[in-house]
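There are structures below to look over.
Next come two complexes built around chain A: one with chain B, the other with chain C.
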Partner chain A sequence: MSTVVNLAEQLINGISLGMVYVLLAAGLSIIFGVMDVINFSHGELFALGAYFALSIVDPLGSGVGFWVALILSPLLVGIVGVGIERFTIRPLYGRNPLYHILLTFGLVLIINDLITLGWGPEQQNLGVPEYLTTPIALGGIEVSVYNYFMIGFTALLAAGIWLFLTKSKYGMIIRAGSEDRQMVRNVGIDIDRYYTLIFGIGAALAAVGGVILGGYQSVSPGMGSSVIVPAFIIVVLGGLGSFRGAVFGGLLVGIVRTLTRTYAGSELFELQGTIVAVPDFEGVTIFLLMIGVLLYKPQGLFGSSEHGGGAESTLLTGVESQVFSDGTRRTLGLAFLVLLALAPLVFLLTGNTYYITLLNQMFIFAIFALSLDVVMGYTGLVPLGHTMFYGVGAYAAALVMIHLTSSFLIALAVAILVCAILAWIVGSLSIRVSGIYFAMITLAFAELLYNMVYKFDFTGGSDGLVGWEPLVGIAGVGIELGSISLPLGLIEITPATAFYYIAFGLALLSLYFATRVMNAPFGSVLASIGETEERTKFLGYDVRKYKRRVFVISGGMAGMAGGLLAVNPSTFIVSPDQTLAWIHSGEVIVMTLVGGMGTLVGPMLGAGFFVGAEDILSSYTEQWRLVIGTVFVLFVLFVPRGLISLPSVIADVYSESRFDNSIATKKDMEESK
Partner chain B sequence: MTETVLEIRDLTKKFGQLTATNHIDLDVESGEFRSVIGPNGAGKTTLFNLISGALRPTSGRIEFAGEPIADLPPHERVRRGVSRSFQITNIFSGLTVHENVRLAVQSKHYAGLDRTEALFRDTGSFDTMNDRTDGILRRIGLADRASEMAGTLAYGDQRRLEIGLVLATDPQLVLLDEPTAGMSSEETRETLELVNEVLADQSIMLIEHDIDLIMDVSDRITVLTRGEVLASGTPEEISTNDDVQDAYLGGGRDE
Partner chain C sequence: MSGDYSTLGPSQRAGAEYAIQEINNSDDYSYELEPVYYDTETTASAGSQAAQQAIQEDGADYLVGAISSSVALGLNELAASEETVYFAGGAAVPITGEQCNEWVFRFETNTAQVAEAISGYTVENIGSNVWFHYADYAYGTSVYNRTSMRMEEASADFSEIGQTSSSLGASNYESYITQIGNSDANVAVLGMTGGDLVTFVNQAADRGLTEDVALVAPTMAYKSTRAGTGSNSVGTFGGVRYDPSIDIGDNQAFVDGFQSEYDELPGSYERTGYGSVRLIAKGMERAGSTDPAEVRDTLEGGEFTTVLGDITLRETDRQATNPAWIAELTEGDGDSADVDILSKTEGADALRPASEFGCELN
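Showing the complex of A and B:
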């Protein structure tokens, strides 16, 4: 087969995939353009579309069923979208747009688990009429009829949406709303009703994409999370809120992905005996592309500069010490520490050693959450790729212990150092953009690293790293953590127990470190940046310098958490999915927010809560993420200041007193202006 | 002879097709109280943004204390002594009143701290800074509200706090963008008195809509229309200037 024909076939495959991305990105982009909502659950709505189609095709057969599903499934998902908008997104209008990211991340967990619950975890095939799946040769190019159907159908649909937006009355109002919401309200149009409609349309478009891709490839619960990141990249590439950008970006990403996948590793030419091959860039190119575009033209290729620049309304931070006096809190804290210090001894005595392992995990995540908090809770930067530091820290520590020295101290030190350097590089580039763009660019960096560890041999590819033995000591002098066995009266100190005190100590040290920093001049500037960046700048502070530095501190701390994961005696493997997948960036945000961001203790408690809840729930149900997701959504909606503020929230409800923590008053004041 | 603290020559800022400030020349002398007036869209705030560094000029020169500053980032200008307030209240509403002012004071001292101090020493233990903060709180009359959250202050007090923030950065030139916006006439008078009192040693540039109000307090007044300087002079000169009369009475209807 000639290379030209092959290339043409791959181009058609690329465009087919690209058109699905166009549908996804168009919905995301319209929703953002009009409502300023970043919908992370878009991928799950897409998957839901495919699953509804499965259930429709099943009784009707693939002949009729596919066409019925193509109409009915998007309608159903559209209705789901309407419900989501009314009951979860609507209460959040007016808050910082980053809350929508958090909320819809919770929805991801919920919908994904509902899908597994309803349809099972295994991969399934969606029945497609036979005449669509037959191969067809046009001008020597042989692809399936389905390719042409995909391209044709989605092109028609996209054209229809474009006509709707530009020519119809509704479309005009929607576009006017994306320009100036208040003005549309002032002329007597109930724009809120349109929000529901728009979200419904966006959801339905995603579902169409799901049905079509389901018929092209297959249907599995992971399909949502595998498209959402590319979809975001497309929207950011094309420009948030731009329909043209979505079309262009969708096709570009579809083609680039298909071509890089097909031609990776193929030989280009031979040079002095060495074969020069196309480097394996799949999954890496689009992230590099996104980072490049964001840095060069943050508003995207087709975007206008009005959207998503900075965060106008600040994030709601936790409120401490409203109910308990300082003294009570200190006593409580101290009692808690003593309890933690004695806990493993009690567990060893009673034989519940499992809980030691669980607490070890909590300490690791507590440090990780704390590291996010100094960036997110204090400085007001929301990184969606924070897990890159956790993952790189774990890899760095494991690599040190495999190749260099088994000393856990050196492994941790290297993990911290490597991540601090990485944070300096990523930070320097990312802080040039703000708000949603900052969130997106950090996500792109994390995904870039995630895809890179797959490519390299020294990182063990998708299998990850195995086979090291941490040494408690330095320069060969010390004892292997895994073989610690120290009889102590009635109990015997196990490796897990030894690690417990290491992790506990480091968690305490981190908390102490963060407290000192936040109470010092440097930390006070971070808090002021979190409040209003502009004012901070005009007080004479070089805001970027502070952001970069806090990013380095945070990255180093997250690196230490990752390093601890590698040192943990119950960790046998460090793999990309376990450390670098984007879902972990979301999880650590959940921990921080549930605990109460902007307080140092809150996120650490949140981490403990998350790990504990996961453990308890997963012993009852496979769908523990469903419960966690629901709890998280409820927190975003009703307790945005986190667990740490629960005492004051409860006290508030009880006494009905009008002590309020400055939100209400602030709002009143803004309204009275 | 008084010296010129701010010298602006041929300053132009274009946003696409729109020319917001058009070849502006302007001098402010040391210790002067200069008011800038003009109708909406005359380019007053743009001019302030150019001087303070929020915007970079399309062309032209800005010299402060004899040095070009037009290409410096905002924080560098603050360090050299150019400080500003904002048209819409811009304070740290989630921090205490004391912390607001302390942050402004700290900005001046920060460079003098060694790294360990800056990272780890408790802010409460820097006596010089905290004393200076207390002093400023007394001068702006907010000493007894120091521990309250800035966001819970009454509107007038928030505007006072803004002036305190400006004062705390120890500026030579102060840019005040409608510090009296949204105030009753009584509050306005009080605020202008406060400005006159606490910023007596500084050069002041003030944006204000109400001509009558600034006649008493200003040394000189600059009138802007459509991005250009229509007239500059003492209050008497401005009040008798025909162009100004036309612009204000004619509402700028002529092209």
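Showing the complex of A and C:
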């Protein structure tokens, strides 16, 4: 078989896959470009398309059913999309895109759970007409007819969209809107009215992709989450809001992925006895590609420069309740701390030690969320890959305890140091870009690290690391955390209890440290960057330097949270999925927003709420994701300033004195400057 | 029961539920089992947390389950530290290999045992020009390492034509399929499970690869794989850990009972769940106690009659000495292919000495 034919077959593979990405990215890109909505649920709409198709093909048979599904399923998903826009996204216009992350993250959980509930968790085979799946040889190149169908059909569809965008009046307005929304408004067109249409079309396109890819591979509830990250990368690569960019990016990613997969590890030549081979970059190529493009051309290959600033949207930082006076607040806080300090003793007395384990988990996440709030809540930078510090911290601490010393203090110190250095490097590269680009570039770094721990032996591959015993002490002097057992009257101090007080202490210390930093002049400069970056720059501050510094602080803190995970006596394994998977970056953003961004205490409470709610719900219902997703959606809609503002929201509803309260709110913001 | 193995978890649980029902309704057992069920979500953290909740809040003394190797390895350590007997549900070798400990038993047939059953037969009877493709994680690499090693030992004709690996959960295998199709290989050994394997086989069949190259996978004959691949898996070969048609041990009683309860035939995961729970119950019966330490000592090195015949939970690593088979998948009556067993490897031959896997308990 000649190399040329082989290459041609691989190119066809790459283009087939690329065309599905084009469909996904086109919708995602227009939705982002025009509406500024970061739609994480796009992947689930894609999966929903495939599942509707399953239900259509089942009674009709694959011969007719597939074609009916190809038309009907996207229509149905389009209607779902319209509903989502009307009832959940519409109330959020004008707010920072950050809230769409929380909202659509909630939608992901809801749709995914509904899919599992309706169609079951197992992998299913979507029937495709026989004549489409037969292999066919053209000029020595043998691929399936389905490949040609995928390419042909999606190309027609893409051409149709292109005609719609360039030739029709609606398309013209949409394109104008994605280039300069304000200008469209200025000429008297109510662009907001088009949002429903755009979201519906985007959802329908995703569904077409779902049906086509479903027939090519198989249909499973995880198919949505497997495409969403590549789809976002394509959008950013091509340039937000650019249809041309989506087409180019989709094909590029499809081809590059396929080709690196094929030629990874192939030997190039031999140099003095050493074989030089193409490095195995599978899985990381697209991230490297994106980092490269963004550093070279921050607005993407075909993007205009309007996006990414979020200038016309407001960031709703949490507001500490004005319902209670300062004195009451202090008393409440103190009472809460005393409660936390005594909690383990109560649990030990009642014999239910699981709650100590659960609270330990909460402390770790509280520190992690706090670390995110330091950057996100104060400078407005949204790192979508924050879990890289948590993960690297956990790995660093575990490796120290396995290979160097079992002292937990040294393990934590190394975790903090390594992550601070990592944050400095990632920060130096990423801070050049802002907004969604910053979010995506940090995500790319996180994914690179995720893929790296899979590949290396010293990180234990997919299984992760096992086998260490933290020592409470230093230089070999001390006691093993796992063997602590101290009878104390009626109760016995367990390893989990000892860790509880360590984690509790560190959480308090971190909060104290963060508060001091934010109240210092350094914090004031950060706050002013968060409000208007330009003005801060004009005042003579080196904005990048400040951002980088706060990123380092945040990275170190997240590293400590990760280190604590490794030290925790109820952690038995540090694996890539539990630490470095991108979903945790999403979770920590959700915790921060739910708690109340920019308040330091709020995100910590949010973390506790998240961990607790997940635990309680999952023991009552198998559909806990559905419930927790709904909670997020309701939060964004009704309590956008987070848990910490809940008292004032409630007080508001009772007294209906919205006017007074909004003045109080303003005053509070004024003071916090 | 969510995450990457969402297809398999519920099957294992159904088997365990059926065992508990049978044990609690039977006069042969003097103890009643009280089950609690949790979802490991196929992540190590959720898995360990759920198990700790079961132990610390619900007071569980015995753990069964977890298919993912990373989750199972976390539970290995947890079982040792909490002193609970754990029957692992995963097939990864290290669970009763390098990471073994005295609290961890396994009734699931491990990857090495199945590799043993398929390697010799494949290279002698199916084809000796072998391409290896595996998912790049612990399970996949262990399939590659074991089958290639055993094939090399089994036949002088064996030649490794090439090897490729894809990331876990990859969705497009066309480029590997093209590479395999364009090579001289007449056999492709696939070190992948669940969704990865289903997708690979479906795409391979669409591309006509199944006509030229014999696909062999340790998990090909699994019910879930056959259901996901439909007629696409006809003509492929798979390792068999269990098949309801096998007349061995007390398997037929299990199959009849399970079928009348759930209206379907049990598969390998149902068998693992069922067998693991029943071994615990039998251990309690023999020990005359429900104390985990006593039951552990009774189980260790014990011989039991199971749905896979008489097996020993080896003293050296607590792995069950299960037999294993290789089968061809043939045209079935329903939607999925039938399993046609070709050859059996006895328990003693399928399981190599524990020291070879890095476990020396006794």
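One rule holds in what follows: the second predicted complex is superposed on the first by the 631 of 673 C-alpha atoms of A that agree within 3 Å, B and C clash if a C-alpha of one lies under 4 Å from a C-alpha of the other, contacts with A are read in each partner's own complex, and residues count from 1 in each chain.
We take it that a contact is a pair of C-beta atoms (placed from the backbone, for glycine too) under 8 Å apart; a residue touches a chain by one contact, two chains touch by 3 or more.
Just so we're clear, the structure is a prediction, and the values are computed from it rather than from any experiment.
**Q** According to the stated criteria, A:516 is in contact with first (chain B), second (chain C), both, or neither; which is it?
**A** Touch status of A:516: first partner only.
**Q** Would you sort A:599 into first (chain B), second (chain C), both or neither based on which partner it touches?
**A** A:599 sits against neither chain B nor chain C.
**Q** What's your read, chain B or chain C touching more residues of chain A?
**A** Of chain B and chain C, the partner in contact with more residues of chain A is C.
**Q** Is A:525 contacted by the first partner chain B, the second partner chain C, both or neither?
**A** After superposition on chain A, A:525 lies in contact with chain B alone.
**Q** Could you look at A:537 and tell me whether it touches chain B, chain C, both or neither (first, second, both, neither)?
**A** In the superposition, A:537 contacts chain B only.
**Q** Could you look at A:196 and tell me whether it touches chain B, chain C, both or neither (first, second, both, neither)?
**A** A:196: touches no partner chain.
**Q** Just chain B (first), just chain C (second), both, or neither: which does A:41 touch?
**A** Neither partner.
**Q** Let me test your reading of the model: by the given contact rule, A:361 touches which partner, first (chain B), second (chain C), both or neither?
**A** Second partner only.
**Q** So, does A:463 touch the first partner chain B, the second partner chain C, both, or neither?
**A** A:463 sits against chain C, while chain B stays out of touch.
**Q** What part of chain A is shared between its chain B contacts and its chain C contacts?
**A** Touching chain B in the first complex and chain C in the second, no residue of chain A appears in both lists.
**Q** Where on chain C is chain A touching in the complex?
**A** Checking each residue of chain C against chain A gives 1-2, 4, 6-7, 10, 38-39, 42-46, 48-49, 52-53, 55-57, 69-70, 73-78, 81, 92, 94, 99, 136-138, 141, 164, 166-169, 171-172, 174-176, 178-179, 181-183, 194-195, 198-199, 202-203, 205-208, 224, 227-230.
**Q** Write out the stretch or stretches of chain A touching chain B in their complex.
**A** 314, 317, 516-517, 519-522, 524-525, 527-528, 531-532, 534-543, 662, 665-666, 669, 672-673
**Q** Note which residues of chain B are touching chain A in the complex, please.
**A** 52, 54, 73-75, 78-79, 83-84, 86, 88, 90-95, 99, 102-104, 106-108, 110, 113, 117-124, 126, 149, 151-152, 155, 165, 169, 182
**Q** Using the touch definition from the top, list the residues of chain A that touch chain C in their complex.
**A** It is residues 1, 5-6, 9-10, 13-14, 16-17, 116, 121-125, 133-135, 142-144, 146-147, 213, 216-218, 220-223, 226-227, 257-259, 261-262, 265, 282-283, 352-355, 357-358, 361, 451, 454-455, 461-464, 466-467, 482, 569-575, 577-578, 581, 615, 618-619, 622 of chain A that touch chain C.
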